[in-house]
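Two complexes come next, and they have one chain in common, chain A, joined by chain B in the first and chain C in the second.
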Partner chain A sequence: MSTFPDLTSGHRPVGVVSFAQYDNVRREGDHNEVEMLMPVVAEVFANVGITKDDVGFICSGSTDYLVGGPFSFVTALDAVGVWPPRAESHVEMDGAWALYEAWVLLQEGEIDAALVYCFGRSSPGDLTEIMAVQLDPYYMAPLWPDPTSLAALQAQSMIDAGMATEADFAAVASRARRSALANPKAQVAYDRSPEELLREDYEVAPLRRHALPPLTDGCAAVVLAAGDRAYELCERPAFITGIDHRIETHALGARDLTHSPSTELAGRKAGVDKKKVDVAELHAPFAHQELILVDALGLADDVELCPSGGALAANPMMSAGLIRIGEAAKVIWSGQADRAVAHATSGPCLQQNLVCVLEGV
Partner chain B sequence: MSERCAVIGIGQTVAKAKREDVSIAGLVREAAVMALEDAGLTFADIDAVVLGKAPDMFEGVMMPELYLAAALGAVGKPMFRVHTAGSVGGSTAIVAAHLVAAGIHDRVLTVAFEKQSDSDAMWALSVPQPFSTPLLAGAGGYFAPIIRAYMHRSGAPRDTGMKVAVKDRLQALNNPFAHLHLPDIDLKMVEDSIMLWDPLHYLEACPSSDGAAAMVIGSERAVAQAESDTGKRPAWIHGMAMRSEPTMFAGRDQVNPQAGRDCAADLYRQAGISDPRADFDMAEIYVPFSWYEPMWLENLGFCAEGDGWKLTEEGATSMLTGGDIPWNCSGGVLSSNPIGASGMLRFLETALQVRGLAGAHQVPDARRALGQAYGGGSQFFAMWVVGVDKP
Partner chain C sequence: MSEPVGESERGPVTHMAATTKLDYVFTPGVAQSKNLHGLEQGKFIGQRCPKCKKVYTLSRGSCPTDGLPTDEIVELPNTGTVTTYCVVNVPFAGQSIEIPYICAQILLDGANLSFMGLIQEIPTGDIRMGLRVEAVWVAPEELGPTMASVKYFRPNGEPDADFETYKEYL
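For the complex of A and B:
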C-alpha cells in the first residue's frame, strides 16, 4: 500500500517522476528545436524506463515569436513521434502551464502518466524587440520598450519605496551564481562577491549586468505520474500537493510593481504556508524579482533559495518555469528536502505567476 | 472522479471582414459579455478564463492573453492560453471543460478569437524558415492536392464540392452572426467564380473574418443555478477528445487521417454513440474548403469510406431540403472564418442547438450533436458531443 502526502484539497496524488533539460547555451547553432528536444525527451523517458506508449497525454509549451514562424509547436511534436496518434495539446505559455494542463487531466483518473515538454531559443532573434510585441498593441508596443528597461522600472520602484538597495540585488545575483557552480546545466556561474558585482556598469539603471538573466537556448521535459504509478516509476516521487496560477493586468501603470499579488494569491491557494518549506526554486529572471517573490510567498529566512542558480543561471524562454519545477523535484527525489516550492512567471514585471508545492513521503 | 459539466452561456460576435469599430480587447469582450449574460452571470462569478487563438502572427501580438487579462475579467484569476493550430477553438473549449470535469472550478469562461484584418494570414503562414520549403500557398493550396486525391480515390463527381458551398451559404442566411450572406448563391455562381486551387473555386473557400466566440462551462451546481436564474437548459457535455499525428511521414493517409478516426472512436466510446448518422441530430464540422464535408463524413464514420460524397449529393446533410443529418446549419466555416474562433464556433453551435436557442437555423428537437475542429495539415483534431440529457 503506497503512502501519499496529505492532499487536503481532495486532489488525486500526482508526482513529478522524471525531469531532463538541454545544456543551456547562449547560442545553439547546430541543432533546431526538434533536434534539441529529441535527446531530452529520450532522456526523460529513459530515466524512468518508459516510452511514449506509456503516457496517456502529451502537453507542450512554446511561443511562435521566438522561432519567427507560425505553428512552431507542430514540428516540435516530431521529437516525440506521435504515431499511432496521441492525445496531445499545446499552450502558448511556459512549460509550467503545460504541466498544469496535464495535472488537471490526471485528476480525472482516466490516465496515469503524462509527458510535458517545452522549448525556447533566444538566439535566432533579438529578445529586446520580440518581447515588446507581447505588450498592449495599441498603447505600449508602439513604444518598443524592452524587457530590461521595464524590469529596471520595477527595480527602481523598489528602491524608491525603500524596500531594497542595489546591494540587495547584487547579493541575490552573487548567491545565485555561486549556487550555479554546482549545477552542470548552468550557463552563467561564478564566485564573485556582491561588492565586486556592484562595480559593474549599469545596463539600465538601477540594473547592472549581474542583475540580468542570460540569453539562453534550451528546452526541458517532465514526466508526471499519478497514484501507485508514481511509485512504480520513482522511489520517492515529488508529489504536487498544491498548484495554482494567477494573472494581473497588462497595464503596468495600474500595478504596484513592488509587490506580486498574483504570486501571493497563487501561493496561498497552493498551500505554501501550510507547512515548513525547505527549498524554493523561484523563476526570477531579474535579481530584484526574487526579493518580491520571497515576500509574496512569505518564505522564511531558513528556506534555501534556488539551489540550481535559478533563472539567473540559465533562462531559456518558455522553459525556465518548468525547469524550476524539475529542479525542485530533484531535491525531493534526493531526500535533500521534504517540501519544495517551485514558481514560474510570464509577462513583463512578473505579470502572471504559477506556484507549485512538491512534497516527498 | 470526472464531474459532469455543461455549457450554460454562449456568446459570439457578428463575423465580418474588418471589425474596425473595436480593438482586439473590445472584440473578445463583446463575445464574453454576451456569454455571461446568457448564463445570468457577471465576470465576478467566473473562476478561470481559458483563451484560444491560432498563430499570434495573425494579429502581430505575442501571447495576447497577457494583454487581454483585464478585458476578460481575469485579473486575480487563473488565465490560460491554448494554441493547437486550426483546431484551437475546439481544444480551448475542451481544456476549459476539463477544469470543471476535474473538479477544479465551477464556472470557467472560455473565449477564442481572430482579428485577421489586423495582419495578413497568408503572410503569417508563409514566413520563410531555414531549411524548410516555403509553402507560399496558404491553406487552400496545401489542401487542394489532398482533395484531388480524395476525388480520385472515391470517384466523386466534380460538383460535390460546389454543392457543399451552395448549401452552407444558403444555411448561413438563417444565421445573423454569419460573415457571408449570399442570397443569390447557386451552382453557377460558384462555378463562375475564379479557380483558386484546382478543384477549389473562390466560393468553395472560407472567408477571412474578424470574430470571437465565448462559452461558460459550468459544474452541476453552476448548471442548477443558471437554469433557475435564466430558465434556459444547459448543453451537457457527453464526451470530448483530442488526437494528434505527425505532419509528415511516408504512408500517412492525409485524405482520411488516422488521428481523426481515433479521435472519433474515443469520443463515441465516451458518449455511447454506435451509429453516428442515426445517433446525432446534427453536426457542426470544420469544413473550410467545400470538399472537406464528404471527406469528414467518412472520417467521422457517418458512412462507409468512399461514400461521403453520396450523402452530400443526396442532400442528407442539408437542413433546407430536410436531410436526416444536417451539417453546419450555421453556415459553417465556409460562411465565417475567424480562424482561432472557428473551432469554438463549431462547438458553440452544437450547444446552441441542443439548448434550442439556434433561432432560424434551429434543427427541430435536436437532442444530441457533434462538434469537430481540425488544424494544421489535418493532423490535429478536437471533438465533443453535447446533448439535452444529463449524462
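For the complex of A and C:
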C-alpha cells in the first residue's frame, strides 16, 4: 500500500510528478509559441517516461492579448498533437489556474494523469499597454496605467503605513537575484548588496530597477498524477495537500493595497499553517509584494523563500505562477524539503492569488 | 448652492468610447519563416511529419496530429485541386474583390492540408469540387514573404481529380 499525506483540499491525493520550462529570455525572436512549447512538452513527458497517450486531460493557460492574435491557445495545442481527440481545456490565466482545473478533474477519479502547460511572451507587444486592458474598462483602463506605476502605488502605500522601507525592497531583490545564480533558467541573477541596489535610479518612485521583474518570453509544463499512478511515475511525488484561490475587487481604490486578504484566505483554506513550511516559492513580480505575501501567509522567519529567485529572476507572463509550483515540487522531489508552499498571482497589485501546498512522504 | 457634481443639462452619461489599439511584432517562427521565404521566391514550401509523413503547407512547425517538429522541408508544385468552395455574393466592409467571386479550399499536389485561395478566370457557375488549378503569382518584383504573392488560382486545363484523391481533405 502506498502512503499518502493528509489532505486539506480534496479527497484524492494528486502529485506534481514532472516539470519543465523553456529558457527564460528577454526576446524569443526565432520560434513561435508552438515551436517554444514542443520541446518543453516533450521534456515534461520524457522526464517520467510517458507520452500524450498516457494523460486523460490537457489544460493550458495563456492569453491572446500577449500574442496579438485570436485563438492562440487552440493553435498551441499543435505542440501536443491532439489526435485521437482529447479532453482539453484552457484558462485565460496563468498556468497555475490551469493546474487547479486539472486538479479538480483528477479529484473526480475518472483519469489518473493530466498535462498542464502555459505560455506567455512579453516581447511581441508593449506590456505596459497590454496589461492595462485587464483593468476595469470604465474608470481604470482608459487611463492606461502601466503595471509598474500601479505597483509603485502599492509600494508607496506600504512606506506611508510604516510597514516597509525602500531598503526592505532592496533586501528582497538582493536575496532573490543571489538565489537565482543557482537557477540555470534564471534570466536575471547577480550578487549585489542591498546598499548597491539602493544607488539605482527610480523607475517609478519608490521602485528602483531592482524591484521590477524582467520582461520574459517563456513557457512551462507540469504533469499531475493521482494516487498510485503518482508513485509509478515519481519516486517521491510532490502531493498537493491543499490548494485554493481567491480574488479581490477590481476597483483598486477600494482595496487596502498593503495587505492581501485574498492570499490570506487562500492560504488558510489550503492549510498553510497546519504544519511547518520548509520552502515557499512566491509569485511576487515586484520586490515589495513578497513582503505582503509573507505576511498574508504567516510564514515564519526560518522558511526558505524563493530558492529559484522567484519572479524577479524570470517573469514569463501566464507562466511564472505555474513555474513556482514546479520549482516547489523540485525541492520536494529532491528531499530538500518535506513541505513547500507555492503561490501564483494574477491581476494588478496581487488582485487574485492561488496558494498550493505540496508535501512529500 | 453649487450644482451637484457630475450633473449637467446634457443628462446622465449613457455611453462612453474607450478606444483600444495595441501594436504587435509578429514572430512567424522557424517553420513559417521558411514558408514565407518560399512565397518570396514564388514557391510553396511544405513540411513533413517524421511520424505520419503528412505534409503541411503554411505549417507552424509541428504536426498537429503527433505534436512532433516537422523538420523535413518539401518543395511543393504550383498545382492543386479544389476540395470545396464558396461563391461569395454578399458585399461586406473592406471587400477588395468584385462580387461574385469564388473562395476555395485548395489542396496542393503532394500536400496533406488544404488552404483557402481565390479562384479566377472561370465563370462562377462552372466552379466544382475536384477542379484542377494552378497558382498565378504576382510579378517577380512584387513577390514578398506573404500570401499576397499569390494573386489567385485558375483552372489549369487538366481533367477533374477523382473524388477518392481528395475525400480525406474535406
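By our rule, the second predicted complex is superposed on the first by the 358 of 361 C-alpha atoms of A that agree within 3 Å, B and C clash if a C-alpha of one lies under 4 Å from a C-alpha of the other, contacts with A are read in each partner's own complex, and residues count from 1 in each chain.
Just so it is clear, contacts are C-beta pairs under 8 Å (C-beta built on N, C-alpha and C of every residue); 3 or more make two chains touch, one makes a residue touch a chain.
Keep in mind that this is a model prediction, so the values were computed, not measured.
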item	value
Chain B versus chain C as contact partner of A:105, first or second or both or neither	first
Partner chain(s) touched by A:75 [first = chain B, second = chain C, both, neither]	both
Chain B versus chain C as contact partner of A:195, first or second or both or neither	neither
Superposition-derived comparison: chain B or chain C, residues of chain A touched	B
First, second, both or neither for A:88, with chain B first and chain C second	first
Touching partner for A:246 - first (chain B), second (chain C), both, neither	first
Which superposed partner A:6 touches (first chain B, second chain C, both, neither)	neither
First, second, both or neither for A:125, with chain B first and chain C second	second
Partner chain in contact with A:52 - chain B first, chain C second, else both or neither	second
Partner chain in contact with A:29 - chain B first, chain C second, else both or neither	second
Touching both chain C and chain B, counted on chain A across the two superposed complexes	32, 65, 67-69, 75, 77-78, 81-83, 130, 133, 137-138, 141
Chain C to chain A touching residues, read off their complex	16, 18, 20, 22-32, 60-69
Residues of chain A that touch chain C when the two form their complex	28-32, 34-35, 38, 41, 52, 65, 67-69, 75, 77-83, 121, 123-126, 129-130, 133, 137-138, 141-142
Touching residues (chain side chain A, partner chain B) in the complex	10, 12, 32, 58, 63-65, 67-71, 73-75, 77-78, 81-93, 97, 100-101, 104-105, 107-110, 130-131, 133-138, 141, 244-251, 261-262, 265, 346-348, 351-352
Touching residues (chain side chain B, partner chain A) in the complex	1-2, 23-24, 54-70, 74-85, 91, 95, 98-99, 101-104, 124-125, 127, 129-131, 241-247, 249, 257-259, 262-263, 266, 376, 379-380
